[in-house]
């Protein structure tokens, strides 16, 4: 059974079928999308079961020549990392579909775009051929424009500061602005990725785009010195690397629930996955030479993102900035070039995916009922929605690195890796970042849920209902399960790391002897 | 004689259409257009059966390159013929015959041009392609901006024709012959001057930057189905003609005119995309985006034999359906409301089919996966990269992002903005078939590009053997 | 009997071409622009014949002949457009038709 | 025997799981409470049995581990249980006090709404799990994990009355301060792994790394066990219900820091400079906390600062080089301080306020509570034969042996002050004229008095069980009567009691206190430091970062967008739409093309 | 020698009439000057012993195009010609352009090695020209016919006053 192709193409097929379904019949749209997400999730689970950990390496390989003359073929395979991230995507998609069960205007188009987006993401995680990798990458990025543009929300931003004239001209804060900024910044990133891919392709004798083939014919050191930064900036812009992260707060704040769940939950991981899988594995010498800079920027990401989150009073912005901060931890882990660091980085992708997915689902519920996102105007919501309060606290605790939740394992491994690879400052910055996260998360929980009853302007607050619980229980449960028994996913990730890291370490110069 | 089957076929079709028009009777002449479209389609199929080889003492050669470009042009002709029926029905119901004859005459020129192996054949084919277009641009006669567009096109064409003739004189003066194979070894300042004058003279038809003055106004003023044809077919045939001319007649002096083509390419890409950003009229936006695409095509042209021309013809193939489709949809919306982007508001909700079609066309023009444009751009970037134009690929990729900015602005109007009036846009049967055809080609090539790339590879090598 | 050398002929046609170009760029009346174009085309023909004559190839004259025919076809359509324009724009000034811009 | 030790972890975990998932059960009120109490009692019994069978010092530890984290195929961290001479007694202390408090809570929390009661007992069970998990931790990683979980339980339980804003602030403050200290702890654990490749409690190799690890671990201790600069969260933690204060913020949780030092003794042993620092910090904390306790009006605040002071004692004891003194004082302190808090709870239950000034003459109304409170106070003051005397003197003796004369003197002074403020509380609350509130006070129900009695018993007896604390020599009880510090401490204690009785019991010696100084100490100067640190330091910094991100970094990005839009608009002017301009452009273009090609070639 | 004198005379005639075409304000006179210039060119062709071509020039150019131009001018002329219509606009840039063209051609001509005396084959007789037209240039010859047809149809469609629709 070609599970990989099924998992990737199920959402696309469903999207195509949805095109034909009349938009009036809401039932069939929902059932079809739920079925598609179920198939993907089930596929992901099948893949993780079928993946034999002892053997490791690339398994379940499916190849089909696509454009032989250019050396492009539909080459899907899954390694340790792919398994875990596939699982994550399946979970988040399943939760996302249920989180928007109550959406009513133009829901058919919404589901079509959502499924296309997820198909892109799934494709990237499993495709071996760089060209198909890039093709799926583009498919994953583009639906965001329409998703945010049509169903997004606008927030008035006060215009001031040195570039006020530019902000005024671009009507900052609007949903079209956010959608356009997000799409353009990610596409500029993809331009750099394209250049990187072509450099690799030429280095590999311009015959084949397959990653295995390119790994065997690495580029010269000088070439790698500029190809890696191109790939890092390209993928990094999606992973929220410091100077290119500014689309993330606006994009996530304006995006509807399921979209920001998927985007922050899974799409940002695409960027980090790209940097590691394509950037580092295929340009080892470049990765080693640039690692200190990648790490330094990641540290800025962590601390800068955390402080940014603390300065925000809008709930969605807090979560968006916290995603930037947590993605900083991922990049930090990647920059350590150490087994623990890489394990931690990929596990953080997994854990943060669940956390942010849960967070944005909850934020969607709170916003859906209170129609307000200013946390200091709220208060005492726990009385009206105890279930949401419990799960929000749960997600918050996981994000601040409370043991017993997935967040702690990931961050701890990253700090181990950082310290062991000699960058003590990174580890300390990460730990301080975790503390700052604790400050703003608990402050938000207290501001929203604790205190006397909800102020009278929020009259009809009610707890989650029916299908909304699916997302909460699923993601919350996963956070705890993978927090207590990390081996369920860590084994697969470790297999992936022990497959890829030696490739990078061979390029290590003697002075970086580990 | 047989290699000339296609151009002769087109002429026969033209005469047939004219004959039908002579039949007395006052009813609208829908049949003529349908016949023209069917005829062109038949010829399109016939291209597979025409034997390759040289005709008329070497003046025309029917090789892989010629056939590939002929297919593009005939495909464009089919779309133009079907697309114009409703437009003509509405604006000049009784003058189908004239419009079609001009269309077919121009198509005949375009089928000749890619195979021309001789200077004078090239020039005459170029003019045969050009002159009918001047007339078609003004055929609507009703609107003032229509005539304005036509006169601008005409003056540009006339001046360029004189410059080309002047260039031709020097080339003939320098070599004494007109066959490319004979002119080929020629070097020296006289030939260079002649070549450059001819290059400059023919460049207006492509709409490359310094010669693009007429493009936006003609695209906005002229009848929409004609503009759909004008925006694609003459560019394809023009580029093919120039490829033949430059790479078969003047390969020796290549180092003199390649940097110039590179400059034109950069200028077109930069200014075309930049000026497309502030446009509020859909057709002007597509016009400038066409100039932007011409930048990439010129790069492919100057990369020359093999990978360059392969990328050029394949890019043209992917460009045809999407660009014509976009103009046809613009025509449908214009007929209903107006040409401004605001009239596109909520198109997806008024008629989802049209909205989706336009989105697919825009994505293809923008170079997004799973539609033809993506493969066109990728093949071109790959070949450019391998040919050493690495920085150009980065510049091209970044400019594509700018392109996506204004395509998505149109996309936003279609999908995000609320429609002013919710009545669905009325589209005639013929228009709908044309658009469906364009969608099928765009998506079909997007999903399964391999045969087209292989054929392009063969075409790329055929020139300058 | 040595008549004027080739350089003289080329210079003459170049001068004619230049005058025609000057005419095209300066005249405001559309028909006058067409006249300028005619002059340029005529200069090109002269150049072809001269070069053909000195080079001793029949193609010079043949090309000139073709060029004359092409110019005729062009002028016919051009004048038709100008007449049509005069009818709709009520004037034949080159810059009258400029509703569209930017 | 190890299976018995696992009971206090898995049984309450099951209870917590059941209560958390089956919300109808949680909302049922008493049944949920009884389920939790039963599991607590069972855990206590199991712990005691495990303690009896536990290996004495020197014998190999019994343990069971499962691998938890993996690194390139090998497992680097296990999770499991380790029962040995150090963990067994602590487990007993924890489970015993927890059981007593849970039984007590049946009475104290009876009037809470049903869902809140269920939630309270669920979190209590979770606390037992976390605490037992930490005590039985086989390696430093699990210790750290359970340490953080204990912090989580403290956050949840302090914030039990989440609708009270002050409780919310206190809960959050507790987590912020403790986690701030945990930055050090986590760095220490990471450094431990980096230097030794694992998370064991001992560090072979050079002492340099050991010193650094010990110092970092001690930072965590300072946070959790409320040493001077980081003790600010403990008094605010009194916002939680009194049983919680008794269990967490008196007996067990705050002692976790001390237990960490005991557990990881081999590391601290190899770091003398850290030990000396500990003696000084402990002593200073003892003194400062004692002085602050002197001036508090809220009965729970007094006890909180008193706990803080006793923790100072334990840390000072550990600093002297032998962990037994600290460990022994920890256990005895757990019993009598829990007793004091529960007694204070029943006082508050009786009069409905924490303010000592509104109490008075309760001895008549609540005889049993008064008796138990006084017993606890005496134990705390260090009056023989109660356990406080023995453990406190052991600490002083160890200070003497370690020649730490400075800390010794400070501790002696603190001992005197302790006696003084405890007597002050006794006089103000129980003796003296009855206040309006204490008139209608009534004795607490037996379900509250029973656990207090049990604790009173252990407080009295604990002094004699010196043998079973991981140390090899069992000290005979009478041994202390003879030592110099023991006698000095006793005299100071009696003097303190006398003085306090004269001031508060009979109203003499009015001039003793300095009201201005009292008011200043009450205002919490150290707390002010932290608040100012937040208001002028961290929050404005976050504000600046937020501003920079929105208006500078984002501004720069928007600048490109703006430049593109404005630039392209300005370029539109070029396209004049005039035919002659277009022709001119075309001709000039052609000329440039031809000129470039023609002339270019020649050069 | 006589060839020189004749050449100078006729060349001068062509140039002067060309300049007059550009200079005269009145349209009709401009067209007539153009006619003069074309006739002079025909003379030049004769000098280059391209007799057939000279005839063609006279017949086609002067006969065809000039008459067409005159018709167009008359059709276009509504009321009295606005005096400024014919005058010259921004001559500065136009002058530079034309001088540049002339300079460029002069430069290349100076560079290129040119055959000085008349070529061996001399000018082709009409017979040879015919053979060429129907030999190697047969294809453009035929294509030209289609072009002329299309041009006629196009011109008629545009210029006729009453469309079939009205």
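By letter and in written order, the chains are A, B, C, D and E; residue numbering begins at 1 in each of them.
As a convention for this text, contacts are C-beta pairs under 8 Å (C-beta built on N, C-alpha and C of every residue); 3 or more make two chains touch, one makes a residue touch a chain.
It should be emphasised that the depicted structure is a prediction, and the values quoted were computed from it without experimental measurement.
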In this assembly, which chains make contact with subunit C and also with subunit D? B, E
Dominant interface by pair count is C-E
Taking each chain's centre as the mean of its CA atoms, which one is most distant from subunit D? E
Relative to the centroid of every protein C-alpha atom displayed, which chain's own C-alpha centroid is closest? A
Counting only Cα atoms for the centres, state how far subunit A is from subunit C in Å. 65
Taking each chain's centre as the mean of its CA atoms, how far is subunit B from subunit C in angstrom? 27
What's the distance between the Cα centroids of subunit A and subunit B, rounded to whole Å? 42
Dist(centroid_CA(subunit A), centroid_CA(subunit D)) in Å evaluates to 36
Of all residues in subunit E, which are in touch with two or more distinct other chains? 89, 93-94, 97, 101, 104-105, 108-109, 111, 137, 140, 144, 147, 150-151, 154-158
In subunit D, residues with contacts to at least two other chains: 565, 572, 575, 577, 579-580, 583-584, 587-588, 594, 598, 602
Mind pulling the residue numbers of subunit A that touch at least two other chains? 184
All chain pairs satisfying the touch rule are A-B, A-D, B-C, B-D, B-E, C-D, C-E, D-E
The subunit A residues in contact with subunit B across the complex are 19, 23, 66-70, 109, 131, 135-136, 138-139, 142, 145-146, 149-150, 176, 179-180, 183-184, 187-188, 190-192, 194-195, 198-199, 201-202, 206
Which bits of subunit D are touching subunit C when the two form their complex? 572-573, 575-580, 583-584, 587
Any idea which subunit B residues touch subunit E in the complex? 4, 7, 11, 14, 18, 55-60, 92-95, 98, 101-102, 105-106, 108-109, 112, 118, 120-121, 123-125, 127-128, 131-132, 134-136, 138-139, 141, 170, 174, 178-179, 188-190, 192-193
Help me check something: in the complex, which residues belonging to subunit B touch subunit A? 348, 352, 356, 363, 368-370, 374-375, 378-379, 381-382, 385-386, 390, 393-394, 397-398, 400-401, 404-405, 408, 411-412, 415-416, 449-450, 453-454, 457
Listed in rising order, subunit C residues that touch subunit D in their complex are 21, 24-25, 28, 33, 94-95, 97-102
